[in-house]
Every structure is written in C-alpha cells, then in structure tokens.
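Two complexes follow with chain A in common, the first pairing it with chain B and the second with chain C.
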Partner chain A sequence: MEGKGIELNVGPVHPATHGVLKLVADIEGDTVKNAKVEIGFLHRGKEKIAELRYFNSYFPIVDKLDYVGALNWEILWASTVEKAMNLEINDRVKYIRAVMAEIQRIMSHLVYIGSFGQDLGNLTFFIWALRERELLMDIVEEISGGRLAPMYNRVGGVFYDFTDGIADKINAAISKIEEKVKKEYKAMTYGNSLFIMRSKGIGFMSQKVIKENGVTGPNMRASGIKRDLRKDEPYLVYDKVDFEIITENDSDVYARFMVRVREILESIKIIRQLLKDMPRGDTKISAPWIMKVPAGYTLVRHEMSKGEGAMFLVTDGGLKPYRLKIRSPSFYSLQALPLVLEGCKVADAFVITASMDPVMGEVDR
Partner chain B sequence: MNEFADKLLKIFSNSSKAADDGAIELTDKKKLLKVVERIRKNFDILFMLTVVDKPPNFELNYVFSKYESKDILILRTLIKHEESVDSITNLFPSADWEEREAYDLFGIKFDGHPNLKRILLPEDWPGHPLRKDFVVTDEIKNWTGLDLKF
Partner chain C sequence: MIFNEIYSMLAYYLPPKANLIASALATFVLVLIVLIATPIILGWVDRKFSARIQSRYGPIYVGKFGLLQNFADVIKLMGKNFVTNQHVDRFSYNLIPVLSSVLSFLLIALLPFGAPSLTFISLPYSLLFIYILLAFSPLLIIIASWGENNKFAVLGGFRSAAQITTYELALIVTFISIGMVNGSYDIINVIASQSLIWNILYLPLTAIVFFIGSIAVIERAPFDLPESSQELQAGWRIEYSGLKYGLFMIGDYVKLLAVSILFASLFLGGWSGAFLPGIIWFWIKTVVVLMLLMSLRWSLGRPRIDQLLSIGWKWLLPLSVLNLIIVGMVMLI
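This part shows the complex of A and B:
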C-alpha cells in the first residue's frame, strides 16, 4: 500500500454483507480506491454432491442454493431433468409452478427491500417487509408443508395439489401486499426524500460493465437493457400471460431498488391471471422415484429473482448425474461489484453491495 | 442449429465439427482463441463454462450468449489432464471468475489469465475436488486441524 491509505477488511461475518461475503477495500480518506471481493466461505460442494445422488434426491440440496428463492431453483432443476428425460408435464403443473415461482419472486424481492432498509439504518423497514413476506410464507406452508425450503417439486410434477380455497387466500394476500407496496412502502422508501438522498446518484453500473461481466436480472434491467427470459424465451406458461419487462434508465442504486419494487407489482399481475385460468388435471405424472436418465447434454435456463440461473446437466445414462454445473446469477453480479465500488464513499459501499442482492448460498454453491 | 454456427463451421472446417446436440466441437485446441475471437463479434458474454472430467481428458463446454436475443452457442473442446489451455479473459472478461473456478475445482491451468488463483476453496487446500479421481486423503482430513469425521 502506498500513500496514506489503509486496507479495510469487511466480513466475512458482518451484518452489512448479507451472509459470508468478504470485501477488502483500499481506502484513502473516505473514498474506496479499489475493492476486492472474496467468496467461497459458504462453499458446500453442491456440484460434487450432485454426482453422488439420485436425480429426485437432489431437491433438498437445490433448496439451499438460494435460500430466499428456493422454489425457483427447484423448478429449474425439475425442468432440467424433465428435459433430459423428454418428459412432458401436465398443464396444471405448469400453472402451479408458475404461480409458486412468482410467489417466491415476490418473497425474494421483499427480503431484498427489507435488508436494504436495514443497511440504510432503518430497521422498521426490515420488520415491515418481513411482515408482508409472512403472508406468502403461510400460503407456501399450507400448500407444501415447508417454508424456507419447501421441497415441493419432483421430477414429473409437484407433490401436492393446491388446497381448497387457496386461490382466494393468495388473492387476498397479494392484494394486501399490492396496497402496502403502493402506499406504505412509498412513504417509507421510494417516495421518501431521506431514502432518495441516500440512494440516488451512487453505485453506477454502466451497460459496458454489465455486458463485460455477464450481469443479468434486475441489476441489468436497472440500466435500461430490456431482457427477461420469461418474455424472450418463455418457459412454463409465461407465454400465456400478459406482463411488462420492467426497466429503469438511471443504473444507480435507486434504479435497482425501483426495478424490484415494480417487479413485485408485475408478479402480482401475473399471479392473478394464472389463478384465473388454472386448468384442472393431475399434479404429477407417474415417473419412478429412482430412474435412469438418457445420456446427453442438457442446458436449461430460467429467470430467477436475481437474474438468469442455468443448469448444465451431463448424463451418462445412469441413475445419477455425471456432472452438474450451476450458473448462479449473483456470482456474476459480484464479479462486477469491484468496478461499481471504485471511487465511492465508504458509507455508500454497503448500500451499493446490498443493492446488488447477492445471496451467498448460490454464489458459493 | 443457427446460421452463425453454420458459418463458423465453414470457416474452421479443418478444426471443428458439429456435435449431436447442436454444439460446435473444436478438435484442435490451438485454434481456440481464433474461434473465440470470431464468436466475440456476435456474442456478448460467456454465459457459463462447464468442465466435465472424462479421464484422461477434460471436456470444456463454453456457453456463449448475447443480450439482444435468446441465441446460445456451445463450444466444446477436449484437453488432456496435464495440459493447459488459453485463457479467453481478454476477449470475454466475464470468463474471469469462471476460469478461476475451473482452476480451483479441476486444476486446469489457463495461460494468460491475469489472476489465476483459487476462488471457492482456501488457498492452501490440497487437491481438486471435482475431479473423478479425487479421494479424501489424510492430508485433507487433517487439513483443518480439527478431529472431523468423514
């Protein structure tokens, strides 16, 4: 280190880094000259575990990849194996999965909003966001029996059908959330002058940085790139619903926050449409619990709450995967983080980190 | 298979061929940078890099994607376990962490990578766990200094 600067280690265990992320920042005065990101503190060898397990027995492991967006990853894993086996699933399953994916997306974004408020020193907001998330948690619990790691999907379908009258409960819950997001959240965050002062004009992520580092999802859409796999490469039943791709143009922390807030409202729109035309039918097809998958390469990608998640499955015709590679969207967001942090104030560094929405479970795998 | 892949196969007809699943198989790994340079004109990012251990070879699956469309291109090449391969970070900066991960978990050396060190595992971890011949040795068992059960 030259000059008067100091090297500051933040993390791996620090309330502002959301899990076990470590930042090593060179600081001069109050400015971050450059920053390094260290990951791997939550590495559990999930890709190795995949090679040791039957296809259906891997679901509990997938659940803990992104622990605030478990259902999205479950659906991706189920879709990957189904594509590798050439299985066609029932229409009802597609609808159920799409509803669950959107519920999970709202929950994930609510956690983002809450923890973001916490990083700004506003604990009230954390409690509020979790209060709204609890409404959906109860619904997921009633349907699947689980909360954070529901274990709801299996190859060929889902474990349980929707319970009686659940559609009304979902509608009631999302209406309540819609109202809160539009009114209370506006007063507390995106319409609040203090919040705007703290978040506008910091943490710029240009389109060049995004394209060089492979950043996807809401972080990318906040810089004006209109891309959403749900629209561009429709899977499940996303081609049958009407929704917008949310974009913002400012590419700063406030824009990244706003994309999430508006995506919650968009997801609510999608859920309402899906519940209205949900078809009848079976919730699973008879696929054996332990089965052989034909040899080959399978690549499936879905739009997760944090960006484009993908699974590259290599099979050799046996009972277990030969190799599974997981593309985690947060991994790429963190790769771009040092470039975004360069030149910011130390006090802003944590807000910028939080605005990228990294979840270490899926980064470290 | 899409138009671009066909064009690519025509240009590099001596060193590449089409695989069953629509991927492009590169038979001459010395041509990697040249092919990737051509791909760079049409694709934005390295979407993911999947290494598959097929003893005595490693199979590298480069998946490229672009922001404006849903196009995807898979480039596949084989290298021997002890061989190194050219880094594509100069052409696709998004390959930085992916190549570090491949080095970390498989022990593949990428020539020309600016910062090739472990990313997920600790710096002094013995071995590369995603290799098929990986076994839990005493060195690994005692690595933490704690009495762990494996």
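This part shows the complex of A and C:
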C-alpha cells in the first residue's frame, strides 16, 4: 500500500490496555509499522512518598504499586526493612508470608489469563477467571481483613495469625482452582483451537531482546531462560519446598500464557507443601511501630508474579528512608513492547500488549 | 399474508373500504408489536443466557426475573441526548442508523412466522430479496464508518466490508443450492418441499457454510470483528450514542432472529414435523438455532480478520460450491 498510514492513538482510556497505558501506533493497512508506549498517567511519586513516611506507614502505598499482586510487594518491603535492621523473623512468619505470596501469585495470574481471554473477545472467560480469584479473595479477606490491598504485613511479622481452620479452606479453594484450570480453562483457552490460532506464532520476544531490556519473570521464562529468584536465591522458605521452574521455549504469546497457567498449578503445589509443614510460633516480634533504621544501603529482590521486583533502600539512621528505588518488572516488560509489536497485525497488537501483563500502578509508580 | 388474513376475517363485519383501512391499521399495529417485542425479548434471553453461562444472575431487579429490564433500557436510551461530534458528516451519520434498522425490519417482514399465511410481505422470489437486503449492509457500514471521520471507525468499516463481502459469496451459493434442490426461490415453497426430507440431509456442507456465514454477515461474536469492543472499542459504531446506537442494537437482535428463522426454514424444514402443530415445530427449531448462535457468542473468542477471510475464501466458499456441484450431478442423473 502506498502513501501515509494511520497514526492510531490507543488509550490511555481504552478497554484493552490494562489501566492507563497509551500506545501510539503507526498503521499501514493492517500492519503496525512501529509503536510507541507512553506511560506516566498513573504517576503518584511513590518513591518520593517513601521519604516522607515512617517505615511501617509505607505499607498502604506499597499495596497500590501492583494492585493485583499487593501482598508480594508488601512482603518485599517488609523484607527490605528487616534486612536493613538485621531483624530475624520467626519461622512461622516466613511460612505465612510464603503462603500469602503464592496465593497472591495465583490471583495475579488468574487476572492475567482472564483479561487475556477478554482481549481475545471472550468475556465469559474473564468472568470465570475472576470467579476463581474470588475464592482466594475470600481467604485473604478472612486472614487479613482486606481484599485488594490487604495491608497484612508489618516490619517484623504479620498483623494477624492464620484463623482457625483456614488451612482446610485454602486447600479446598486451591483444589477447586486446580480442577478448573485443568478442565474448564483448557476447553476455553489453551486447548481451544480458536484460541491457539490467535495466540500461537505472534509476538516473538527473543532472548536478546529480553536480556537487553531486563525483562524478567514469566515473560522471560516463556522464552526458555530458566531463572527464578525463588530457586536461584531462595528467600523466605522457598529452599524447603519442592517445585520446578516453569519454562516454555516458543517465546510467543501462547508460551507466555502457558507459563502462567502452569505456574498456577506449581503455586498450588507449593501452598500444599507449606501448609503441611507450617510450624507453630508467634507471628510478630516485638519491634516498635516507629523505629530508627541504621544507616546503610539495602537491596532485596523477590520474584513477583510479573517478574523480579527489587527495592533499593538508602537509610541515614533516621525514622524515615533517605531514598527508595523500586524496580518494577512491568516497567521492563513495557520497555520491550515496541520491539515486539513491530510488524504485527493491528488486532494482534492488543493481544501482545495483554500478554506482557503490564500493571500501570507499578510501571508509573 | 397477514393483511389478507385480517381482511378476510373482518370482511363479514365491515364494508370493503372501511375494512381496508381497519385491516391496514391492524397489520400496522402487529408490525409495531413484532418490531418492539423482538429485540426486547431477545435481549432479555441473551442477557439471562449469558449470565447463566458466566455464573452471574443477569437482570433481576426490574420486573419479575428482570423481564422489564430491557424496556427500561430502551426508555433510557430514548431519553439520552443526541451527542454529535463536530467532525462527522451529518447526513450519512444520521441516515445510517435509520436505514440499517429499516433494512433489518424488512428482512424479518419477508420471513414467515410459523405458518404460510403468517408473513407481512409475501413475494415469489423472497430468498433473492433477502439476499439483496443482506448485501446492502456492508455498503451502509462503509458509509457510516467514513462519515464518522474517526480512525477506529474507518478500521472497523474496512474490516466489515472485507468480512461481509467474503461471506455473502458463500451465502449466495447457499441460496442457489437451495433453489436448485427445491425448485423455488420462495421461502414458503422451499419449506413445503421439505415435508419429507429436510434440506440439511441433502446439503449438509451448505448448512454448515450458511450457519458460519450468517454469523459473519450479522456480525455477531465470534465474528464481530468490525465492532470488536476490546480492540477497536466499537469499530464503526464508535461515534454513535443514545437512540441511534439503540437502533443498531435493535437491528442486531432482529437480524439474529431473522437468521435463525432462515436457518430453521431453509434447512430444518420449517413447520414440517410429526405429532405437534406446525407452528410449534417451527418455533422449537428457531429457538434451538437461536440458542446455538447465542452460546457460540459467549464461549468463543474472535479470530483475526485475515484468519476469518482465509476461512471464508479457502474453506467455506469452495465447500459450498462443492456441495452445489454434487447436488447438480445428482439431479442430472
């Protein structure tokens, strides 16, 4: 086709962009020539806010970083401050945090695969995925009192112990999710020929692109790179449980979807082991609510549901952080997005964007 | 025709001239009832059905089982302001909703409602006329998308044009096959000649082609690419709101019913069937087809436009031609 193409502005308010992401795509015919990603619509200066707050008062802000994976970030922030203070937390707290992290990972992946199905035009699947997420939401609510932003952790432990009989409820919920993922989701998505037709063979992300842009997490593992902080630098109690690093080799959209589906099953395996081995003990150590943290530099990395999240904390011995730098995995996935979008079809552009699993809360910070 | 029926019923009571006016009025009222009731009832069924699939309740608050919800929605749509963007071409922008809904109502007026006499318009070549009405819609969509002057609308309009022209070719072959097998292009004759063996047994491939092609032509999910609310927001309908958008919605449901009636009468023998009265058979078949169309909408994602076109050109059209050739050879022998 000759002549100038169309410059299409998608977003920041658009049903398919997962929050306030804006894509500017140059389109010729039905092909995306190049695409730019514009971010910053949800910028709230969260790193700066950290400098103004006490260490324990920063948890509500951390919750809103990745609003579908809040507990993961809470645990990371708590671990960072504990490392800076040289606090040793109880074993039970480690187990509880690991269970909550995995529950949150399942919830985050369910949102991912649901909204992915929705981007393919299948609204039913989105609602089904949220229906399963609701089972875990109820559990998080019973344990912590919150749902999307639980505010469950604090420096030195967690606020509440597990309620009576919650282990059985968790087991029942994850068994149900396991069954649904293996049967219903297969029929609807990864075993469905229409779904495979749409998602296979598009959005290739080579290992070179991944390494140059610092993409991590499921997006990276879908391209065959075997790297998972839970295995490579075990934190909490991940060295005591038996699980595998999920990888796929196709590096396309379907592979990224499958990594998430299989990680849900793997997380279910982890939760079962953790619940079986959970020790007794206190859920907090007596740390004051407002405390001084010794001066120094602290870096802690955890495996979030979307990749490697890290916090670099600079303290000057005062009541508040001197500087906090947050590394959010979605930001790096979005950095690689224009390279992946180049030359794809218009309809695929939205699917590929969805396959990167961006959450704008943690991208814009 | 319904008009003739009413006229002959009233002939005993009224003088001819008054009868003419009275029966015309009665027909008009009937038309209005059908036009208003179809989208509202179908909309309710669609909502409840999708809710059951998605483990939701669906409408429950307005009326018993939420039956009045759609009436409320229609009233709400009527009360909305006409929002017109400055850059749209007003003539085509205002014309298209009216034209497209008139076309879909004409479509349903040509179809029988369960008995030979229950049609609003009866024509000797009704199948061809139905085809013409279906063939009109891409033209309207292109005009609408161009007149809206919006990038998303233009993309949707192009998709729509490509999609519908592809699938109309498959549909015309279907109609030709039907005409060959049954020896008529009148939908009532076609049904009458299926009293022993349904067309679906003669033309199984054509039936599948027609089923898929009709979803594409009426732009229902999974083939709703021109609208694809997740990618193009609403495609060629992006600038429409209020009652104008409501007209499109109403037209959609009417077309959905028209296609299911068409499938039931062309391939499943219409009102032919044992034990039960014909009209009940007719509606059983129509509702089964309707439910099938609806469940497809709520369980499948949509393919990409090039995949859709390649299905149409590479599979559906050759298959329907193949079936046509087989039928022709059998008839020659």
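One rule holds in what follows: the second predicted complex is superposed on the first by the 362 of 365 C-alpha atoms of A that agree within 3 Å, B and C clash if a C-alpha of one lies under 4 Å from a C-alpha of the other, contacts with A are read in each partner's own complex, and residues count from 1 in each chain.
One rule holds in what follows: contacts are C-beta pairs under 8 Å (C-beta built on N, C-alpha and C of every residue); 3 or more make two chains touch, one makes a residue touch a chain.
As the structure is a computational prediction, the values presented were derived from the model and not from experiment.
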- Is A:Thr124 touching the first partner chain B, the second partner chain C, both, or neither of them? second
- Message: Taking the superposition on A as described, I'd like to know which of chain B and chain C A:His43 touches: first, second, both or neither.
- Response: first
- Contacts of A:Ile225 with chain B and chain C, given as first, second, both or neither: first
- Query: Just chain B (first), just chain C (second), both, or neither: which does A:Phe312 touch?
  - Reply: first
- Which partner does A:His14 reach: the first (chain B), the second (chain C), both, or neither? second
- Would you check which partner chain A:Met188 touches, where first means chain B only, second means chain C only, and both and neither mean what they say? second
- Message: For A:Lys325, using the defined touch cut-off, is the partner it touches chain B, chain C, both, or neither? Pick first, second, both or neither.
- Response: first
- Task: Would you sort A:Gly217 into first (chain B), second (chain C), both or neither based on which partner it touches?
- Result: neither
- Note on the structure: On chain A, the footprints of chain B and chain C overlap at residues none
- Query: chain B touches which residues of chain A in the complex?
  - Reply: 39-40, 43, 45, 47-48, 211-214, 220, 225, 227, 229, 232-233, 296-297, 299, 301, 308, 310, 312, 314, 322-323, 325, 327, 331-332, 335, 364-365
- Message: Under the definition above, what is the set of chain C residues touching chain A in their complex?
- Response: 50, 53-56, 151-152, 154-155, 221-222, 224-225, 228-231, 233, 298-307
- Which part of chain B faces chain A closely enough to touch in the complex? 20-21, 23, 44-48, 50-53, 61, 63, 67-70, 72, 74, 93-94, 96-97, 105, 118-122, 129-130
- Message: Residue numbers of chain A touching chain C in their complex, please.
- Response: 6-9, 14-16, 27, 30, 117-125, 127-128, 131, 188, 192, 194-195, 197-198, 345-348, 350
